[in-house]
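Shared between the two complexes below is subunit A, which has subunit B as its partner in the first and subunit C in the second.
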Partner chain A sequence: MNDKSDNLLWYANPDSPEGINAPDEITAVLRPNLSVAGWPAEAGSKALENYRPPEDAAVVAHAGKAGARLIGMSRMSELGFGITGENAPRLLSENRCNVFLGTDGMGEARHTAALAGAWGFKPSFGIASTTGVIRLFSSLETIGIVAAAPSHLKALAGALCRKDEFDFSMLHDGLPDFFGPGKAAPPDEVRIGILPEQIDLLDESDKNAFESAVAGLVGKGFRVEPVSFPEYGNFQLVHHVMGAVEAFSSAGKYDGVRYGHRAKTAGNWNEMYLESRREAFGALVKSFLFQGAWFQFKNYPAFEHAARLRAGLIEQTRELMGRVDFIASPVRRGDRDASAAINVDDVYGAFALTIPANVAGLPSLCVPGLVSRGDTDLGLQLTGGHLKDDQLLDFAATHLAGA
Partner chain B sequence: MSYEAVIGLEIHVQLNSPTKLFCNCANAFTEKANVHICPTCIWLPGAVVQLSADALEKAALTCLALGCDISEKSAFDQKVYYYPDLPKGFQLSQHHRPLATGGWVDIASEDGSKRRIRIHHIHMEEDVARLVHETEGRRRIGLVDFNRAGAPLVEIVTGPDIRNGHDAMAFLRALRTRIRYAKTAECSMESGTMRCDANISIRPAGSEQFFSKVEVKNMNSVRAVGNAVAYEISRQQKLIESGEAVVTHTRLWDPDKNVTTPMRDKFEGPCIPDPAVAEIRMDEKRIEALRKQLPEMPSAKKDRFVRDHGLGGEEASLMSAERDVADYFEAVAEKNVNARLAAQWISGRLYPFLKEKNREIDDGAITAEQAAGLLGLLEDESVNAKQGREILALLIDSGKSASEIADEKGFRQITSRDELSALLDAVMAENPDAVANLRAGKKQASGFIIGQAMQKSGGKANPKMLSELLAEKNKP
Partner chain C sequence: MNVSERTGCGTIGPGDTGRTLELFGWVDARRDHGDLLFIHLRDWSGIIQVVFQEAALKALFAGAETLREEFCIRVTGEVVRRLAGTENPGLLTGEVEVTATALEVLSRADQLPFPISEKAMIAGATVSAPANVAEDLRLQYRYLDLRRPSMQENLKKRHRMIKKARDILDEHGFVEVETPGLTRSTPEGARDYIVPSRIHEGAFYALPQSPQLFKQLLMVAGTERYYQVARCFRDEDLRPNRQPEFTQLDIEAAFVDEDFIYFLMEEIVCRMFAEAGVALPRPFPKIAYADAIARTGTDRPDLRFGMHFVHATDIFSDTAYTIFRQIVRRDGHIIGINVKGQSEALSKNILQNEYAKQIVPGFGGKGMTWMRMTDGKLDSNIVQFFSQAEQAAVIDRFGCEDGDVLMIIADPSYDVTTRVLGQLRLHVANRLELIPEDTWAPMWITDFPLFDPLEDGGVTSTHHPFTAPDRIDFDPSDTADLLNLKSRAYDIVINGEELGGGSIRINDARVQEKIFAALGLSRNEAAEKFGFFLRALAYGAPPHGGIALGIDRMVAMALGVSSIRDVMAFPKNRSAYCPLTRAPAVVSREQLDELGLFKAVQTEKDLKAYEQSMADTLSRVSRIGINDGERQTVENAVSRAEEIAEAVLSIPCENPPAFSPIRLENRTRPGKTPSVHPASTDGKLLSNAPETSGDFIKVAGIIEH
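Moving on to the complex of A and B:
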């Protein structure tokens, strides 16, 4: 692919030149796990080498209709597990694009936003189509939108979160209305919860950075209060078990025959299949897939147990979101860089703050510029109630933009 | 030592749903390759699966038609194997938690006694692609046709209750009848909408121990299953008698040579649950609603035909074997005609005639109303059997009644006593010798006079009435 130093795109759209023509124009780069007809969609893996989808993903088609100009694709982590080695933050911070469209299975879009000083959004599970989205996690991963301007974020959220009859996982009732009148309540009616169990994960510097951000929120007149969530640790446990199983299941279908890397072996077909898979996956993804394989082959009850724990977490989250409007935390920890994670523990460590929204299927937003540890923007994460995506975006755009 | 065979069958039945199991592509046979395909059924990355509600319903109806218990919860697994007919590396199949368990089909075994073949379970699965082997110049190439990939199947797994080829064939026929009753599948082994593999092992008679089992595939008719089973039993028996061991493997039936030959095994991996495919839940209410859709099954129908319509056992079997024939028979029988006459004419004349014309009994070629009209004419002897057959041939797509056709063709018999009496008088006047013989008690004379009267009427006189009238006229 075109990999010149002045060209950070992994794939450049031959029909649409790079560069932001006008600030109002949505100039978007895609993560190559979103299908665009005729473009490569390798999802960062040799296992999908040379795969060119015949059709656009539904969300890509929607983005085009909403006026987004697609200039190409970024480098991505293998199969979208974390953001190891991704360059979308750099593309955004160097103003090569003003929007990045990808996926969010454990916080990837929010982390990209935090690293780029941009806005990042993961919608409620089930309101944006996943057809043509090469996902690793079937029940945890949604599309992810990152934008330099909150207005672009809201416009794309509205354009992309719409029904697709081919995606059976989509919800039908009580959907958010992104185009209705603004739903931002006055500050003194807004209740923001902080989970002490989540904040305990932060080191001193992160805590200080977050506390000054909280002081800022209180200063704006919001009601900020601690709300205990004793089972917080289960979010990561559930994600790890279910995520590994879902990942193994998703990656099961890449065999190197119709597309992707095919091993050169003198042996019979069976050896060719096994060898191709051995060669196709990188070390990080492979170790994660092995964990999933172990549960799927040897300990499926653990997966089912995780699914039950998850149902409990969803129930508790729903109850919690009846008491507060949003939950606030940093997006990332200052001492962990998700883009440099090299093993599964690194990945989970880096995404520890963003995973709960994926497990609970909640809308979650990264607001830039409010949580600073020295020069580092940790991103303010605001997570909203299920299907209250419109409230979350309206609130942040009204009260927190231009910070 | 005598041996007995222990046989279990695995039958794949393609449901007749309009779409495939997990996408909206047509579930239809097409000569042209790769027409009914989409990203889901050619398994492209990013494709999502959506279970067809119709296929689930038809699968459940099939289970209910076979007396199975539908599981409250069932789920799909990834059945992992690597082969070009399955480019995603796994087939979605319900391995660990099947749709239904239990159930049975009763058959008549070789000696006529009733034998119950248990069904172990029934599960849903997607079909795989079809491989076509061709040559391109001198190069052998394999082509893949995905039209069939993702077609909705149920796999019916029997208990080890079958003992011989006869049982296997009787089971398949009974199974087919029941499934066709449920109208959920065509079940044609010839066209591939029903496929059957047999697991065959033998053991010393009365023993509980088995020798290794052999799986036999590739039978494309019910008869082929019977032949393959019989062949395999004798093959295994000869092996054991000559002191050799039977090893577990798969064999293919060769219908030309009537033998089974060993086949190379393909790599088969494990079956692992697929978390991306939603679990199926069937509550009691839904199952009851489906049960209500199910028609009366053939054995119950047969008993009722004997009881309510006075049919003989054989007639009732014929009338209940296919649901469309049974429905037709009942529609005719309700129109106040002799039910046995109806059964005889439907099975002996009408059904074969429609088959010959490539028509279906329920497609309106000859309506039940028309058939009942014809049977009425036959019953009151307005027409004879030969004329009845001619009328039948003219009824098809005519929109006319049997009676109209009988009139047009001038078939109607003379049944007026006055007319017949005058006819006899004329014949008797012309044949005084025969009359004298008749009065002298010679039986043949009666036949001669009636024959003459029939001839004079152009074959339209009712012979039975003539005979009665003649006897009356010559009463001493």
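Moving on to the complex of A and C:
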């Protein structure tokens, strides 16, 4: 395994050297929570120490068939909770690859894109296979695609979002058509909603940056209007409670029996789990897992109630997406650094703008170069209606590419 | 609702054809054919298929289309015979169906956490097995889990078995008497569950581990024949098939002897098993404890199969084989089993690398010697050390024939030799599937030693200190004599499991005092611990004896279910936790204050320790240890979770919960052949295991021994 400081890749594919050979070649780095047969896939955690999956994740196989050249894996946050310590943005911005494939459970792929000045896409929940994807959140997390070029993004979205008979959580009907004729409406028919409750989270500099971007959108002829969403604050509460419980449940499989780290001192079965898992998880993820354990064991009604609130949020976003085509916001807040978050509240604070799409299962896109706070690109986030992924990508490619 | 007009879904047959019936129950399954909608309607008598026809009843059909699994409904309809070829032999009512004319939804059901239906709607189709559902999820939604007909059947059978015992006991003049649930903690046996008293601050009740002392007091009281279906509580270490509370059939009678108990219990046990369709052979053989150990290494022998021990120490009294010679010189034991005709299944590699090096040491043995019989000769890596006479004696003693495998344990300690070989005997029998199914081997184990030796040179009761000895002329200070005493205790063992035990008790206060003296208890100590009971013995206690049977275990065995939790309505999980009610739970400071429980821990540090224990509780139940450096972060995170929960619960909302952004639907993979993933057959799936040994993944020992 490569672990040299001069090499940004956490794992380099010995059969395929780093670097982009031609602009139209897809040169991809993977987050090591996507399985590639025989490659290490530790998902940033000691809990998966030395784990080498027996086969490719379905999406990895699709990417290969679509012509992507896999050059290696990046460094990732523990189990993909946030992007603490990740280096994918640097790999992209230094042109060491032009595509990054990972996951998006609270906005990780969109943040990576915004930090790299690239395009980032989280598809609707239920249209991309998660077979072979090491996820933390079962109902919140999808794959995530980041690409320097919008054409690569669309090509990969089409290639990766397809049925998988081994993934029983997928939808089979009403799926978006990524290969059909473009669906971009003329600008004056496009309605873009702004949620004042979301924009209220921004500091003055971010607000100014976003207002300039909105002015640019209005200038292009789009109908931009504020649409109130009084329950916006519920998105974060719901994600935090349900996310913690889902993470706790997912992490249950890291017991040091079939794979991963096992403590040496274990006397009996119980101790083996307790000690192995004590050593396996870092403080950030462990704190989050304990929150999940608390909801699960000590306050299950809070979890169930969060799921009730989620039903309300899904219904209201569905209703909202009947009135507007997309919701716009920045991807990230200039005053929060997701890659440096060290406690659970920091992580949630950094991802406050991207979480709603995960809670409601909506497609969401990061468009680079439109929301700038000084030299910093905050990323323009466009969120579309459920299963209207094709419409979202077509719109952005037609009207916002090359901005 | 006219209760008397209701017809049980499972009682409808061809004889009802043409009748219009009113049915109540739950939607077990549904199948939508566009213009026809079929449902399985289930109540606890069984399942009937109901058909909704679009053409006939448009409005009704629209209502029926909204039906989902486990809606509670009322249906009126006419019984018709199914068309030839559409019968469902999987249903007792499978020759008929009901054509619905009216439908009322009595109550709706949320999306189910797991499937409940156990009956396929189409003959020959399979339904998902509940075995695949995590048990904690089943226990959390126990009221749904119990809706499964097989679980209802378990509860009904359990009821029938207990009722049968009550009937027989009633026939024999026994009366059921309830004994207290709140009692005094006594020092014998397992750990008590204790209950703080508010009125007597600082004092505690204990929940009964068994009604032992009370039932003996009832004998003193002249209640000559007592029984009780009693709930017992024991705070013992966790084991997979053990519950903190369990039910026993507790029996005691005055002026009886062992033969009365044997007769009565065989009658009860056989007729209880008969309720579950199991015919136990009678009479139960009686096997002395020492014989059971000598033949099988355990006082719970499984005699459904052979492989009884063969004692061979004398054969090797003068052997050249060093290991055996040293064992013999230390007055040790060489005992083995003959695994008949299994030399193909037990390869040299399995015997040497698995059994001798891994499995036997795991049982606590130092090693294992093995030999195989091939072409009329013994064959193994050590046969060369044995003389011709020794080999001939082994062949003769073990009854060796070609294809046999001998597995031999040698150890200076008789206890180790027999115990290890006993575990080995069971392991081999299970591995080679040598235990015949549908065979029942009940027995009595008798003549237990009254005392077991303690390391400090003293003795302790093998059962409990009220068990009568076989003779009373012993000297309480003569340890050697004490260890020779037999007790008048007896256990019922079926198929290697102890289902219950009891004894004839001591009814003479002077004998009881001798026993306490033997146990090293002074008169004062004995009075402190059992004073009230010893007083009672001094007032003309009659000779008496009794027994207690573990009902949960017996029902589980008779019904052929592996877990006792499947025959209990609301069991705890393997961690003694109830996922349904989330018990045990932390109680408020106020409650503890009221009980005076904080009086003893009033320092600031202790209070803090109590408040911080949540992180430790979670650490224990979720089996994630906390490093010292992380403790504060984890505790802060847990406090934060409490704040978030409060914020969530303060928002009013009545929606049904959405656990996923999309509606999950059951879908069947196309094709009819089972899909086997290659990684599950080529070993790749398990190739990442952190610790392996040969073809095995190594894990730490389960708590059960």
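Just so it is clear, the second predicted complex is superposed on the first by the 400 of 403 C-alpha atoms of A that agree within 3 Å, B and C clash if a C-alpha of one lies under 4 Å from a C-alpha of the other, contacts with A are read in each partner's own complex, and residues count from 1 in each chain.
Note that in this section a contact is a pair of C-beta atoms (placed from the backbone, for glycine too) under 8 Å apart; a residue touches a chain by one contact, two chains touch by 3 or more.
Note that the coordinates shown come from a computational prediction; the quantities given were computed from them, not determined experimentally.
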When the two structures are superposed on subunit A, do subunit B and subunit C clash or fit side by side?
clash
For A:381, using the defined touch cut-off, is the partner it touches subunit B, subunit C, both, or neither? Pick first, second, both or neither.
neither
Does the superposition put A:250 against subunit B (first), subunit C (second), both, or neither?
first
According to the stated criteria, A:314 is in contact with first (subunit B), second (subunit C), both, or neither; which is it?
second
Which partner does A:132 reach: the first (subunit B), the second (subunit C), both, or neither?
first
Considering only touches as defined above, state whether A:54 meets subunit B (first), subunit C (second), both or neither.
both
Which partner, subunit B or subunit C, touches more subunit A residues:
C
Given the touch rule stated above, what does A:87 touch, subunit B (first), subunit C (second), both, or neither?
neither
Using the superposition on chain A described above, determine whether A:258 touches subunit B (first), subunit C (second), both, or neither.
both
Go through the superposed model and pick first if A:273 touches only subunit B, second if only subunit C, both, or neither.
both
Looking at A:364, would you say it contacts subunit B, subunit C, both, or neither? Reply first, second, both or neither.
neither
Which listed stretch of subunit C (224-232, 368-376 or 530-538) steric-clashes with subunit B in the superposition?
224-232
Need the overlap of the two footprints on subunit A, from subunit B and from subunit C, as residue ranges.
51, 54-55, 138-139, 168-169, 242, 255, 257-258, 269-270, 273-274, 297, 300
Interface residues, subunit C side, partner subunit A - complex
582, 585-586, 614-615, 618-627, 629-630, 633-634, 636-638, 640-642, 644-645, 647-649, 651, 653-662, 664, 667, 669-670, 679, 684-691, 697, 699-703
Contact footprint of subunit B on subunit A as seen in their complex
33, 35, 41, 43, 48, 51, 53-55, 57, 130-135, 138-139, 166-169, 242, 245-246, 249-250, 252-255, 257-258, 269-270, 273-274, 296-297, 300, 303
Subunit A residues touching subunit C in their complex are 49-52, 54-55, 125-126, 138-139, 165, 168-169, 171-172, 234, 237-238, 240-242, 244, 248, 255-262, 266-275, 277-279, 281, 283, 286-291, 293-295, 297-302, 304-312, 314-315, 343-345, 359-362, 386
What residues of subunit B sit close enough to touch subunit A in their complex?
24, 39, 43-51, 78, 80, 82-84, 87-90, 266-267, 270, 272-276, 278
